[in-house]
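Should a chain be cited, it is by its letter among A, B and C, assigned in written order, with residues numbered from 1 in that chain.
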Amino acid sequence: MKAGIRRGVNAVMACLTALAALLVILPLILILAFLVYQGASAVNLDFFTQLPKPVGEPGGGMANAIVGTLTLIGLASCLGLPLGILGGIYLAESRDRCLPWMIRFLADVLNGVPSIVIGIFAYTIVVLPMRRFSALAGGFALAVIMLPIVLRTTEELVRLVPASLREAALALGIPEWKVILRVVLPTARAGIITGVMVSVARIAGETAPLLFTAFGNRFWHQGLLQPIAALPLQIFAYAIAPYDDWHRQAWAGALVLIMMIFLSSLVARIVTRGRYSGLR
Amino acid sequence: MVQEGGTAEGLSLPRLALSTKTAGRWGDQLFRLLIRASALALLLIVSGMVVVMVRAAFPSIKAFGWWFLFTSTWDPVAKHFGALPLIFGTIVSSLLALVIAVPLGIGAAVFLSEMAPSWISPAVSFLIELLAAVPSVVYGLWGIFVLAPWLRTQVQPALGSALGFLPLFQGPPYGVGMLAAGLILAIMVVPFIIAVSREVLLAVPDSQREAALALGATRWETTRLAVLRYARSGLIGAILLGLGRALGETMAVTMVIGNRAEISASLFAPGYTMASLIANEFAEATSDLYLSALIEVGLLLFVVTVIVNALARLLVWSVGGAVKEVRE
Amino acid sequence: MADGIIVRQLNAWFGALHVLRDIDMGIDPGAVTAIIGPSGCGKSTFIRCLNRMHEVVPGARAQGQVLLNGDDLYGPGVDPVQIRRRIGMVFQKPNPFPTMSVFDNVAAGLKLDGVRNHAHLDESVERALRHAALWDEVKDQLGKSGASLSGGQQQRLCIARALAVRPEVLLMDEPCSALDPIATAKIEELIVELKKDLTIVIVTHNMQQAARVSEATAFFLLGEMVEFDKTPRIFTNPRDKRTEDYITGRFG
């Protein structure tokens, strides 16, 4: 094969792969551009402060949905964070033989389960016994989604803390559990926060598991045992409805949701930039 | 990294230099119990999920048996439930997504890890991470108001007139339907394929690339000879991970697939997937059998995605062993 | 057949780090030239400049003249890919392609060149394997994976792979450092045979090895070539004090 042909093939393949990369980014640019275009014009103060108006009436906002999403994230974190962080410490520190391996495998399995199936689980466990949709059910579903992410991130981060640090603490006569809580965890703190923020970004956008757990609400929720609105749920409901004004609000909601997600990812990055570099 | 030695019960910290006071032992045991219990919670959740769902699906399993998988009527009123159209829709939309996403995804991954100048890679990777962070419902929104109309007014008529002799491209151009679902799934799955493929490619040792280069191979030939062959099973794992994601994807698909439980040869026709069925009908299921059938579909989805994901991880781990899982 | 290499004013950098300074050297055809020196002295960088592998690393750069039979390898418009057909390389750690059989490994370079004729491939592979003193050991196992051989055999496989494309020069970067003494001895025997047809440049941290196999030896220190002379002379009566210190084990 002549050298020229081989060089030619090389150039062609370089172009083709570059084209693939370009085509991949294209939808992102298109979607974000459109989102900003449609959403920015629709977002106004009303959006953040008002409740949805009755069907057919223009105006109103998604204040309850925004608060609802934050509430759900809070609920999910109450269950997901402690279990995830403590479980992660177990995986990193334990010398048991097969349990850690099994837990790790199950965490990976859980990570891959479609979120709607997790919604079914939350439905059977929380909604059915309580006979109603509730914020609690939604929070539970989101916690189950968040758990494996926090678990694996914490495990990784705790492993990264050097043994010399532990030894120094132990040599001072500090009991093991205090060493972990007071020395190891704080050192890994920045990375764990990243993991938390990543999981928060993930569950903030989850709609499917909430469809029959939190269910959505056009008004303020009356306590955690009642259905609650959530931003992605509201976006979905508005998008498939026939009203133009609702479509406009759906775009606004989408923009706000994406901003929330990108913001938390950004915060995670910034928080870990300085302190984290010592650990990598 | 954590050293050998330690107390008898299980924590792997270095041996204590001083004798432990009783209060310390106490705290240790409690702590150890606490963290073990937290880890066991995961076990509880996963096994609970299986048990609970099987139990809830049982009435439907008993009523329809294996025919559930092969019947194509989904009739809540007459209480006949067959999952075939859903299985069909799920498979077709996911396959269509892979057909588009795999060449693009692996091509982009090869570009980023082997062929691109060093400054491009971090920038593009960041953009791709952003793509992965966009929630499904936002993709769906874009799908309804941008993609579907475009398909309905431009793409489908064009395909219909140019390739209409193929049953794939026959039928009225609705915009929404299998084609829209496949496209949107492709867009959602591509970032995962790229992320995992890149890690797999980076795990190929440099000595392999050097061996090829020293023989006088061009950049592309080196990639083909030394990298892609070596990383083959890992790349297949990446593809399977993408498949796993596509199978379970719910919201975006629900919003653009047309939600009709029918089997059709045409890509223009509306369809239904297992996930979108559940999303649409679960909250309104009127009878116990209905609910049970829906949960059985959920169980099916669960089993399939677990198998695909487990296989995928095995393959990805076989290259280098140091490949981290994709964190979403 | 065998060509000599003339190096003039060769400089190399990793980013801003100047790792090779003004190297001038003449490598004789049909002989083995050894490069010795302590870690970090630039010997690996030097031979990687000879087949333009150095610049593959991002941020790495080389400048100067390297004349192979009169052709300047760093001249304008010269394709590095073509150079590596004329100058082959064997690495420190054997790196056969694990997904390919022994046969395919050796044939890899030929196939890249577009050789498809089975008879031609068979003949070239056998010739290369004989030349690398590996034929008798693998002739019945040509279909086995390249990675299934022992360390020493893998290295000879890599040598066969490099020889299959009939280079004029063979560069060897510490080829025996990952091998046991018996495998090392076999490769040293091989080198003595090979130099009848090729020019060989070998980097080694093992001075006895350099004394055993080479005709000429160059001593590198901190990126400079301190001394270059016939091997017996370097090891018995070096001119530079630094060379003498290194050889007598005072450092390195």
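We take it that contacts are C-beta pairs under 8 Å (C-beta built on N, C-alpha and C of every residue); 3 or more make two chains touch, one makes a residue touch a chain.
Predicted, not measured: the structure shown is a model, and the values here were computed from it.
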{"item": "Far-end chain from chain B, centres as C-alpha averages", "value": "C"}
{"item": "Chain occupying the middle, per Cα centroid", "value": "B"}
{"item": "Selected pair, greater C-beta contact count between A-B and B-C", "value": "A-B"}
{"item": "Chain A-chain C separation of Cα centroids, rounded to whole Å", "value": "53"}
{"item": "Chain B and chain C, separation of their C-alpha mean positions in angstrom", "value": "47"}
{"item": "Chain A-chain B separation of Cα centroids, rounded to whole Å", "value": "16"}
{"item": "Shared interface positions of chain A, touching two or more other chains", "value": "6-7"}
{"item": "Multi-chain contact residues (two or more partners), chain C", "value": "81-82, 112"}
{"item": "Where chain B touches two or more other chains at once, by residue number", "value": "218, 221"}
{"item": "Chain C-touching residues of chain A, taken from the complex the two chains share", "value": "1-3, 6-7"}
{"item": "Touching residues on chain C, where the partner in the complex is chain A", "value": "79, 81-82, 112-114"}
{"item": "In the complex with chain B, residue positions of chain C that touch it", "value": "51, 53, 56, 58, 81-85, 88-89, 91, 93, 95-100, 108-109, 112, 158, 161-162, 165"}
{"item": "In the complex with chain A, residue positions of chain B that touch it", "value": "1-3, 6-7, 10-14, 16-18, 20-21, 23-25, 27-28, 30-32, 34-36, 38-43, 45-46, 48-49, 52-53, 56, 103-108, 110-112, 115-116, 124, 127-128, 130-131, 133-142, 144-146, 187, 190-191, 194, 218-221, 223, 241, 244, 247-251, 255, 275, 278-279, 282-283, 294-295, 298, 301-302, 305-306, 308-310, 313, 325, 327-328"}
{"item": "Residue numbers on chain A that touch chain B, as the complex places them", "value": "6-7, 9-10, 13-14, 16-21, 23-25, 27-28, 30-31, 34-35, 38, 82-84, 86-87, 89-96, 99-100, 102-103, 106-121, 123-125, 144, 147-149, 151-153, 159-160, 162-163, 166-167, 170-171, 173, 175-181, 195, 198, 201-202, 204-208, 211-212, 215, 232, 235-236, 239-240, 247, 250-251, 254, 257-258, 261-262, 265"}
